[in-house]
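A, B, C and D are the chain letters, set down in written order, and residue numbers restart from 1 in every chain.
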C-alpha cells in the first residue's frame, strides 16, 4: 500500500536510496524449477549500468548483484528471491547545497510535503537508482517466461525519438539497438543524437525521448477484465518509470483519428485454430486481454530535471532561491529507461500469465 | 486478482453483464459520516445514461440506482455500500447472429480464448455497460472528497477532439461542456462534430476521440512512490476504460520535445508556505506525488468497434466469416467516456488521500 | 482494506446490514465452465436459514438468492458473480430502545468509537445476518472444487459441544448431522441439548459451543509459506465468524502436551507414490501446506451476547444504563455457524488451490 | 500472493533460508519521522537469538542486523526499510543425510509436493530462522506505535505452560519474564521446566508449550469488520508462527462453557467518556474491533519435530526409511516463539492503527 511493490501473483518489493548503503528487492511468486544464475541477472543490469558511455551519468557503480535466497543448485525453489546491490559510488557531498531547496521538476517538494522530511542525498528514494532493482526483478521474470513459454517470447525496447529527432522507421533493425549507446534501431540517427547530446550537455541542459516496446510470442489470454486489463497494467508499469509522462498501446493517440473500419484488425483463419490478424492497430490487446499478436507500446520521457541552468524555486522555509544542479546526471534519462521498460513489461506479462493459469488453468 | 476491483483503501468491485438482469457494485472503505443520497449518485449516472441524444446509443436504460447498504439516515456508516441497477432494455436477440463469430476489434476472441466460453449477449462483461457502476462508485468518491477536502476540489473532463476535429483551446469554457451533447468546452466545434457524427452514422462507421481531464483543489502529497505513483495509478484508471489506447499526464508526449529548462516548473514563494508554480508542464504531479497544482491528463479513445460495415473474421470453429454488427451503438464512445473518466479520477484521488492519511497522518 | 473482502485469487466481497433492504456479494475469480445453478446456492443457504427449529432465531427470512451475473447457460463464465438476497423480515422497531445504548458483549460500543455513528437496526453490519452471503459464496466455491477436484473433496462441520455438554466421539456419524436441528454427529446428545436450550431460553440466557470441521480429499500442496499458510488462513477464516473466540488445527492445544515422538505423524509408502500417514496429529497441514490427509479444525463459539437478562452498560452520552435485549435471537449461535464454517473452509481451499495452480502449475 | 508478505498498509516481506547466505526483509508503510536506530532492532533480535542458554539450539548466530534504507539522520523517512542479517553459522553438512528423506512432522514432504524441489539445508525456508526477520520488522512496528500512541502501549508475551507443566497464575510477574531463559512469569516454575528440558534433551525428545500474549494501551477502534477483524488477523498472525496449532482470544475455548450473562463484559461510565469494563472475557475485542481494554491471546506450540528418536517415513522415491534428526535444535520451540509473537502482534496493531487512521481519520 506504500507503493514499493509491483505485481500480484508474481511481484517484487524494492528498497533503497540513491546514496544509501545498498538497494535491494524481494521477488515473490516465482514458479519453482526455473533455471536462474546470477550471471543472467547481471547481464540485464549491465545494460542499464551508468557510466557506460559519455551519454549517461558518470557515476561509477559496479551494480554487482547478489542472490541471497530462493535459488538452490541453479533452480528457483518457489520461495522468495532476495537480491542485493551495494552502492559503491555514493557522493553525498554532491548534494549538500540542495538539501534545503526544492529542485524544480524534481520530487523534492512533494516528498517534503508528504513525509515532512526526506533523504536529500541524490534524490533519495526518488532517484532513478531504484530502477536497477526493477531490471533485476525483470531478469527473474524473463527467466521464468522463457522456462514456461519458451524462447519465442521476447520483450525488447528501442529509443525512437530523442530531443525531437525521430528515427526513420524504414531503417528499423532490432539488432542495431545493441550496437550503439542509445538503443537506437536506426543507425542513421546515431550521429544526429550524438551531436544533439553533446550540444545539450555543453549547454547544461537536457532532452526528452520516446521509447517503443514490443513483446512477441505472448500467449493469447493474458489480462484481467475489467480493471486489471493487460493494457491498463502495462500503462501503470510504464508510467511508474521515472520521468515518463505518456503511454500508448498499439496505435495510441493515432487511433483516435482512425475510422472504425480502418481500426478493426481483421482476422483470417490461421493454421492452428488461432486467427491470422491482417493488422495490429490494437497493439495485441483486445478487451484488456492479449490476442497472441505482438504487444506494442510507446512511452514519452520528459527531459531530465537535473540541469546546470539556474531555475527559480523556494527553500524549506518558503524563501525564494535559485537552484542549479551539480553532480552527475543523464542528459537524457530515456536511454537508460530502455532496459527498465523491458523489465517492467516482462514482470507484467509473467504476473498475468500466472493469474491466467491460476483462475483458468491455462497450461504453460 | 480477477480484475473486478479498483482501488485499495477506498475501492469498489463491480459485477454485471450488458444483457444480464442487473449490474452492481460493492464500494468499500468510504469514510464514515459522509452525507450521501441516492439522488447524488443518480445525478452522475444521468450524465452517462445512453439514449440522451441522437449521438449516443439508442438503448433505453433508466439506470435507476438503488443504495442497498452502508448509508444510515443520510450519512455513510463506514461499512460497504451496495449499489444496484436493474437492466431494463436487454435485447439479447440483437446479438444472436454474432454469438459464434468474433467481431474484429472486440473482446469476443480474447474472452473465448481466456475463458473457453463467454456470454455473447451485447458483449457480456466486456460491454461499456459496466462503466455505469464506475460512475456510481465515483459519485460516492466525490461525496467523500467534498466532505473531507471541501468544494474546492473539482474533477471534470471535456471532449477535445472527435473524428480528427479538435476544439480551439482559445474558446475553452467549462460551463459550455454542460450545454451540448458532446461535453465540448468549445461551442464552435459543436456543429462540426454534429455533422461529423451524422455522416459517420450514415456511413455505418465510427470515429475516435480525445478527452481532457482536470482535477483542481487536490491537496499536495497524494501518491505513493515508486510503483503506486499518482500518475501511474491515473494511467491505469484511464487506460482501464473501454476503448482507451493512450494516456498523457501534463504535457505528455509533448514533454519529450522540450528541453530541461523549459520543462521545469519554476516556483516562487506563495502566501501560505506552499509555492506558486509558474507553469504546469508536469500536470500537477512530481515524483508520483501531487504538487497542489491542477492535475491534468488526456486520453485517446479508439473508434467504436461495432460498425455496420462488413469486416472479415473467423468463427468459433476457425472458419472465415464476415461480421457486420447490428444493434444499437455509440458512433463515438468517447462522448460517454467523459463521466466515466471523472469517476475514475475521483476514485483514484480519494484512495490516495486515504492512503496518505493512513501512513502519514495527514489531517483532512 | 476495509475488511469486507475475503480471499485473494478467489475472493468475495459482501455488503448489507441486518435490517437494510438487502444483503449481497460479488464473487471474483471463479474458474470458468463450472456448472452452477441458483438451486445449489439456495440449498446451502437453506441449511443456515433462521427459524427452522425452535432452537434458532424466530426471524423469518426466505433467504431467496438471485444470481445477477457471471453465469451463462448454467456455467460460470469466469466473470464476477453478483448474488443478492432481499431482506423480508426487517423489524427495525425491535431495536429502537437500544439505539443509544451499548449492549455488553456486542459491537455497539466499538462501532461507535470506530465510525462515530452506526446503524443500530439489529446490529447493522455486525449482525450474523452477513454470514448468509458467506454461505452463498461458499456454495460457489464448493461447485468449483467439485468441478476441479471431483466429488472426493468434502467439507463438513458438526457441533461437538454445547453449553458444556460434549458429544461422545465414539458415537460419531456424519449422517446424523443431517437428522437433528443441531448438526450433532451423536444422536444421544440431542435430547440433552434440547433440554439445555429449552432451559436456557426460558432463563433468557444463552450458551456457547464448539464446532469441528473436516475437509477430506484435499490435494497435497495447498498453502503458501510463510504467512499465508493454509492453517493461518483457516484460523483467520474461522475466527472471522461472529462470536468465535478460539481455533485449533489438528490436535490444537492438546499438541502442546505431547512429546515430539508421539506428535510426529509417521509415514509409510502408499500405493500411488503418496505416503500413508499412520496418524494425523497435524490436522493435515505441515509447514502451512496440506499433506493430502484430512484437514481437521475446531473452533469455540461464545454464548450469544443478546440475552433477556439485564446487564449494566453505558449509553452514547456516557451515562449508566441497564440493557436487556428484546427481539429474536439464537440462544446458541454455534448451531447456525456450522454451514458458515463449511463455507469459509471451502472458500479458503479453493483460493489456495488456484494460487497453487497459478505459481506452480498444478493441474487440477 | 506467494505468502511472503504480512500486513497491508504497514507490511513486511521476508526472504531467506536457514542455511543460505542471508535473511532479510523489506518493511513498507512505516510512518515518517519515527525515531529508529539499529540498536533498537538489535535489542529485540537479541531476545530471540539462538544459543543463549542450554535450553535453546546451540547454533551460534550473531544475528547482526543492518538497516539498508528508509532511515535518515535517525528517523524513518516513510520509504521502505531494508533489513539484512548475514547467516554466519550455516552447517549444510548437518543435513546431508536427510536431503532425500521426509522428516515426519516437518515441511519436507509438503514442500516437495508443492514445489517439486526444495532447499534441504536446515529446512530451507520452512526453518524458524525466518522468524528473526519478523522480530526485526516487529521492532520497527513497536517504534512506530511508541511514536504514535506513546509509551502506554505495551506488547508482551510469556510462556505459561511447557511439557504439560503450567505456571501458577497467582505468581504472575511480568518482570520475572526477563530473569529466566524461558520467559516464564512465575519463578517457581523455572526449576520444574529446567528439569523437564534436561530430561527431554537427554531422551532426544521434545516438548510443546503454551504462550500468553497481552497488549495494553491499545486505542479503541482498531480492526476491520467483517473479515479483517482484529481477532481474525491476530489469529492468522499467531498461527503463522512455526509449530503453532491453536489460538485463543480472551477466554477462548473456555468462553464456550460460559453462559451469556457471565460472558458479557459489563460497562460503567469511566472518567473520560470511555467505559470502565468490569471484566475482560472478550480479550479486548468486540465485533472484531478493539475496545480499549487489554488485548489478550494464547497460543499452543507443538513439540519440536526434530528429534533424535528414529521415526518411520519415506524418501523421495517413495521407499520406506527411518529418520533420526541430527544437528542442533530447540527441545521446545515455544521459548523462542515469545519475541516472535510479540513482534507479530505489534505489526498487526500498527497495521490496523494506520488503516483506522486512513479510513476514519483517527488522530494518532
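The working rule: contacts are C-beta pairs under 8 Å (C-beta built on N, C-alpha and C of every residue); 3 or more make two chains touch, one makes a residue touch a chain.
Note that the structure is a prediction, hence the values are computed from the model and not measured.
**Student:** Pick from B-D, C-D or A-D: which pair repeats the contacts of B-C, with over half of them the same residue pairs?
**Tutor:** Comparing each option in B-D, C-D or A-D with B-C, the repeat is A-D.
**Student:** Could you work out how far the Cα centre of chain A sits from that of chain B, in whole Å?
**Tutor:** 26
**Student:** Could you please state the distance in Å, as a whole number, between where the Cα atoms of chain A are centred and where those of chain C are centred?
**Tutor:** Here chain A and chain C have centroids separated by 45 Å.
**Student:** For chain D, give me the residues that contact two or more of the other chains.
**Tutor:** Within chain D, the residues that touch at least two other chains are 1-5, 8-9, 14, 29, 32, 78-79, 114-116, 125, 225, 355, 358-360.
**Student:** Quick one: do these chains touch in a line, a ring, a star, all-to-all (complete), or other?
**Tutor:** Chain contacts: complete, every pair touches.
**Student:** Once bound in the complex, which stretches of chain D touch chain A?
**Tutor:** Residues 1-5, 8-9, 11, 13-17, 20-26, 28-29, 32-33, 66, 68-70, 72, 75, 77-82, 84, 114-119, 124-125 of chain D touch chain A in their complex.
**Student:** Within the complex, which stretch of chain A touches chain C?
**Tutor:** That would be residues 1, 9-10, 29-32, 78-79, 148, 225, 354-355, 357-361, 363-364 of chain A.
**Student:** Which bits of chain A are touching chain B when the two form their complex?
**Tutor:** Answer in residue numbers: 1-6, 8-9, 14, 102, 104-107, 109-111, 113-116, 125-126, 130, 161, 163-164, 200, 205-210, 220-221, 223-229, 231-240, 245-270, 273, 275, 278, 281-283, 285-292, 300-307, 309, 311-314, 318-320, 334, 355-356, 358-360.
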